[in-house]
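Here chain A shows up in two complexes: once beside chain B, once beside chain C.
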Partner chain A sequence: MGALSLSQLIDLVVGGLAIGCVYSLIALGFAMIMRATNIIHFAQGEVMMLGSMCGLTSLWLLPALPLPVVIAVGMASSGLIAVAMELAVYRTLRRRRVPIMNIITATVGMSILCINAARIIWGSEPLRFPELFATTAYDFGGVRMSPQLFWIMVMGVAIMGALQLFLKHTPTGLAMQAVAQDHEAAQLMGANLTRIMAYTFAISGMMAGAAGIMLGSMFFAFFEMGFITGLKGFVAATLGGLGSIAGAMLGGILFGLIETFSTVFLSSAYKDGIGMILLIAILLVLPSGLVGLWQKRR
Partner chain B sequence: MTTNRRRFIGGGLGAVALAGSRSTLWAQSREPIKVGAFGPMSGNAAAQGQSIRESVEMVANLKNSAGGVLGRQIEIVIGDDAGKPEEAAVVARRFATRDQVSLAIGSVSSPASLAAAQVFREEELPQIVVSGTAQRITTQGNEWVFRSAVPDRKLVADMVEFINEKMPKLRRFGFVYVNDDFGKGGFDAFLEAAEERYSRGDLDFIGQLTRIRSTNPDAIVEWSRYTEGALIHRQIKQMGWELPRFGSDGIAAPAFLDLAKEAANGVIYPTHFSPATSANLPAAQAFIALVRKTYNKPPDYVHAQAFDAINIALAAIERAKSDDRTAVRNAMRQTDYQSVRGPFKFDQKGDPTLVTHMVRIVDVKETDARN
Partner chain C sequence: MAKAQVTASSHRGAHRRGSVHPAALLAMAALIALPWIEPDKFALHVLSLIAIASIAAMGLQVLLGYSGQLSIGQAAFYGIGAYTSAFLTAKLGVPFPLALIGAGIAAAIASLLMVPITRLTGAYLAVATLGFSIIVYLFIKNEEWLTGGSYGFIGIPRAELFGYVLRDARSSYYLNVGVGAIVYFVFARIEGSRFGRAINAIRQDADAARASGIRVTLLKSECFVIAAFVAGLSGSLYAHEVRYLAPNDFTFWKSIEILIMVVIGGVGSLAGAILGAAVVVGLPEYLRAIGDYRMLVFGAILIATMLFGEGGLAALAATLGRRLHALARRLILKPTASRKAAP
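Our next item is the complex of A and B:
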């Protein structure tokens, strides 16, 4: 292939960063739940899909809704759905002292349940989001950028920033961090474990809901959209170092860039395969993921 | 496997009771002529299976209320292959043995049609494939298979001819296609093309499109189903890339326009049936009106292919003056019929001799690109 022009290179970087933000938000959900409960929550992709569907439905009912409200609807519905899963299923299983492996299997069951429910409610055809963004490209001093990708990046970063502030500076956030580090110690310090777990699922769900609206508006919403994207979010979380918040954010963005650039410089037909090979290669060098980079030096 | 059977005996229960009371000899000669229709009645492609069913039942009902064929009623036996080759083979065997049909119409997907064709060949039962377009269905030396759809190779060849004739300046093509039989079948016809592939279900094509763009082609061709096709055209627009764009018959569906909206404007693709390209075909106008009257909706391309298939089948039975399978097959070869897609004959292999219709999208609507 010929050399890439600067504007083409920027197109690719922006595209990779935007899809990377979506992966980051899903990876964050995986990481937070992993830290708090040791569960790999395989229904995370479906929580995202349901958020996307609910956001889209709100747009059908009220076509004039501005983008932030649609995102809020997606976040709220995904948050509620994730909490419902935790309270109805996972908490009950934990109370009955079911082995962790079985709870993880239950999350796979939840994911299949959600896929089927969505298919009944919204049908099996892909659904298009109305145009939520300006269609003419932004011009930053001669550099053209798609408004959609630009705003997805901005919102992704803003949501992740807000999460960091919440975790570091609010009592609930700090309690969640404490529970993540040591259940028993946190409980002895007065943290209500059940409530903190529910909060964890709520916030993980909200992250996924935001990702769902972004992904749906970039492509479209359909009942199976959570499967492969959820898997990629999980890979991003692994890449970052499972259970690390900063690692999940970084892992998602890195995975988005790797995926986009491998299409251009390696092969387009096998882009998913190449992404996975790179993941294995990185894990061979850094067994604990990207988070190992800075933890080792400490 | 779910089985759906529906009988079309004029007058329903009353007629059945009457026939039972008459002499056996009379009843035998008045036994209905059975025609099998199969396709994915459940699963992902259920909508297309239902289109086969709707067309075939509509035509059978009309014929029956006008006295049937050869003075006998037509009974349609419906089979569900769920879009799967293994289930199609089971349905085919059942049609041939238990149901004793004279002829079978189906299926939608090429693998299912091919699997059924192998059984029908063994059982010596004529089959009209509805919308399976894979060339190999009719190149196996199978004398029992016919096809209503224009096969993929001819479709691409017709499109290449169309481009050469109407847009001779386009020489260098960028070609992005889904990495399976469907996509490769389209690509083979374009020799001078920068080639990019993707996997079924991919969402992000910016990488592939960027690579193609760097080769600076005159036009871009994508060979996709409508879901991926809509995304490709939206992403080309998003990149601010203006050039002639072509698609495949895979995007010739209303859902493509719903998903792509304004990004579809200007796209040209071959289609199996479109009201936009059939304005001067009287058979098509009558067909569209009939489907609207019967089902209160516009017909899709599977409706059209199945409608032609059942009409050709009934005409062949009439010419053969018998529902004997061999006689029906031989009569089918003599088909010369004004189909809803133009004058229709079968070639040596059993493929239709139709010319592919070409569509151009203007204002998010299909128009005839040959005009």
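Our next item is the complex of A and C:
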């Protein structure tokens, strides 16, 4: 409210960018699954939550684990969980050629399953992460920044950069892109569809797992954390233009900034609503999301 | 005016225009007789909740099953209906039948806000409806002066019809099932009608429908308004059935529940929407005995049900019915058939 000092403004921008990175990582998972299979994966938020829980459990067992290892544990467990979902359920459903609405509803069922399994395993209390980051603020030439937010941004950007390199420069990554464009053509070119789908779920699960550790360390880990965050990730992916990797990254960061600023300047009670109003407004102007801005309209 | 040259898809809804399936009449008779066979108050209350949920589900069935538009925000209209009806009766003293209609109209008017977004399709449309429902939820939660906020809306009077207050579970059961039946029979007429064929054409191919002279945007918006209207009715009935409203009854989960009812029951089948409502509302009550594992089992059952393919439970029930029918015929007709063959 009122005028902000420069340092407050920087705090807000950094906070918005950090939470935006979390949304971007979740949105990336949505976008990759959407591109490859056309399904809205409603269990994505729960994959994130389970990654957060597994990372936290690894910290309970070995309290001295350094941050990158915790992130790796979260990514690995979320990746495995997502692959298990794909192999056990979604692939079976696709093989039986059920309509897409059935698969989407099955992802909702999966989400209900994960939430309740997590509540039974980890209880319903919010769980606090141990301090993973240095507590004294970094000083960048007079600009002070919280180490936690700084490292979340750095890791978020690094993970997304690595994903881009993987997709553009490895045979598997290129095959994934090809499958996303056209299943049959890619199959004719020798791509193994089953394997590529499993990779797609593995990578989107890993993105969600990283997001889970970050979000858990910023706030809490608890069994319902995936629900609203997953929705926000979905909204961010749509904002960017569903099925576009760059759009998902941009959409996530934009959504994080919008949310942070609207909390301060407009109303914290309607924090989630303002993002939604903006989303609807943007979709009305650009029916295919932000990528519509630079993609040639046909 | 160009005639729509698209035939209604034949694989679903085999019954002819305007006719009512005999099974529907049988089911009606069973529903009327039920309270006298099973007079348990709680069972009747659950059946009422099923009837109420199935009204909202049938609305979404028209939207998703008939016109092919995915909405994951029906809880918004359900909530608007519930709070409108509660406000009209508790604060303004409006009689219940008027409040019921008023709730439907309020929800329909709110859905007019959504008309611009009907040009979105698929996931984009879904996200926009989701956004709308989150906004409505936040409004219900934060505007305490109007809705009671997180404390909830208390003091909602019982439903009354023509001066007769529905005090016991049985009479409110008849009210809820009665409204449900009216919605069912009205919607059953849509399918074979001109309007029904037109929205069916839109679902199959919007461009081809437009080329055949169907006013796509107008009809799509009409479906939204119809679905919102009945969701409002459903909300109003809910408000007077439980007589206490809290914002948490109108979150995104409610929208997802309504969607699950439609998909479990079978996309495109009205009876399926009712079956789906019975499963989604009734099953967790039935599973209450297993406590914490209740929703876990529900999730697993939901995933397993999705394996049945397009028709959902409705198709499964129909197949089962046909098999039983064939079996019964074989058992009954076998002696006569063999006698005929003998000479």
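As a working rule, the second predicted complex is superposed on the first by the 295 of 298 C-alpha atoms of A that agree within 3 Å, B and C clash if a C-alpha of one lies under 4 Å from a C-alpha of the other, contacts with A are read in each partner's own complex, and residues count from 1 in each chain.
Quick note on the criterion: contacts are C-beta pairs under 8 Å (C-beta built on N, C-alpha and C of every residue); 3 or more make two chains touch, one makes a residue touch a chain.
Source: prediction; values computed, not measured.
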item	value
Superposed partners chain B and chain C on chain A - clash or fit	fit
Chain B versus chain C as contact partner of A:119, first or second or both or neither	second
Contacts of A:93 with chain B and chain C, given as first, second, both or neither	second
Which superposed partner A:101 touches (first chain B, second chain C, both, neither)	second
Which superposed partner A:261 touches (first chain B, second chain C, both, neither)	first
First (chain B), second (chain C), both or neither touched by A:8	first
First (chain B), second (chain C), both or neither touched by A:19	first
Partner chain in contact with A:272 - chain B first, chain C second, else both or neither	both
Touching partner for A:170 - first (chain B), second (chain C), both, neither	neither
Three-chain overlay, vertex chain A: chain B-chain C angle, C-alpha, nearest 10 degrees	70
Partner chain(s) touched by A:110 [first = chain B, second = chain C, both, neither]	second
Most chain A residues touched (candidates chain B, chain C)	C
Superposition-derived minimum Cα distance between chain C and chain B (Å)	5
Doubly contacted residues of chain A, that is, touched by chain B and again by chain C	269-270, 272
Contacting residues of chain B [partner chain A, same complex]	44, 179, 196-199, 201-204, 206-208, 210-211, 213-216, 227, 230-231, 238-240, 255, 258-259, 261
Interfacial residue positions of chain C with respect to chain A in the complex	64, 70, 116-117, 119-120, 123-124, 126-128, 130-132, 134-135, 138-139, 141-142, 252, 256, 259-260, 263-264, 267, 292-293, 295-296, 298-300, 302-303, 306-310
Contact footprint of chain B on chain A as seen in their complex	1-5, 8, 11-12, 15, 19, 124-126, 128, 137, 144, 146, 148, 215, 218-220, 228, 259-264, 268-272
Touch list for chain A against partner chain C, complex	34, 40, 42, 89, 92-93, 96-99, 101-103, 105-106, 108-113, 115-117, 119-120, 231, 234-235, 238, 242, 269-270, 272-273, 276-277, 279-280, 283-284, 287-289
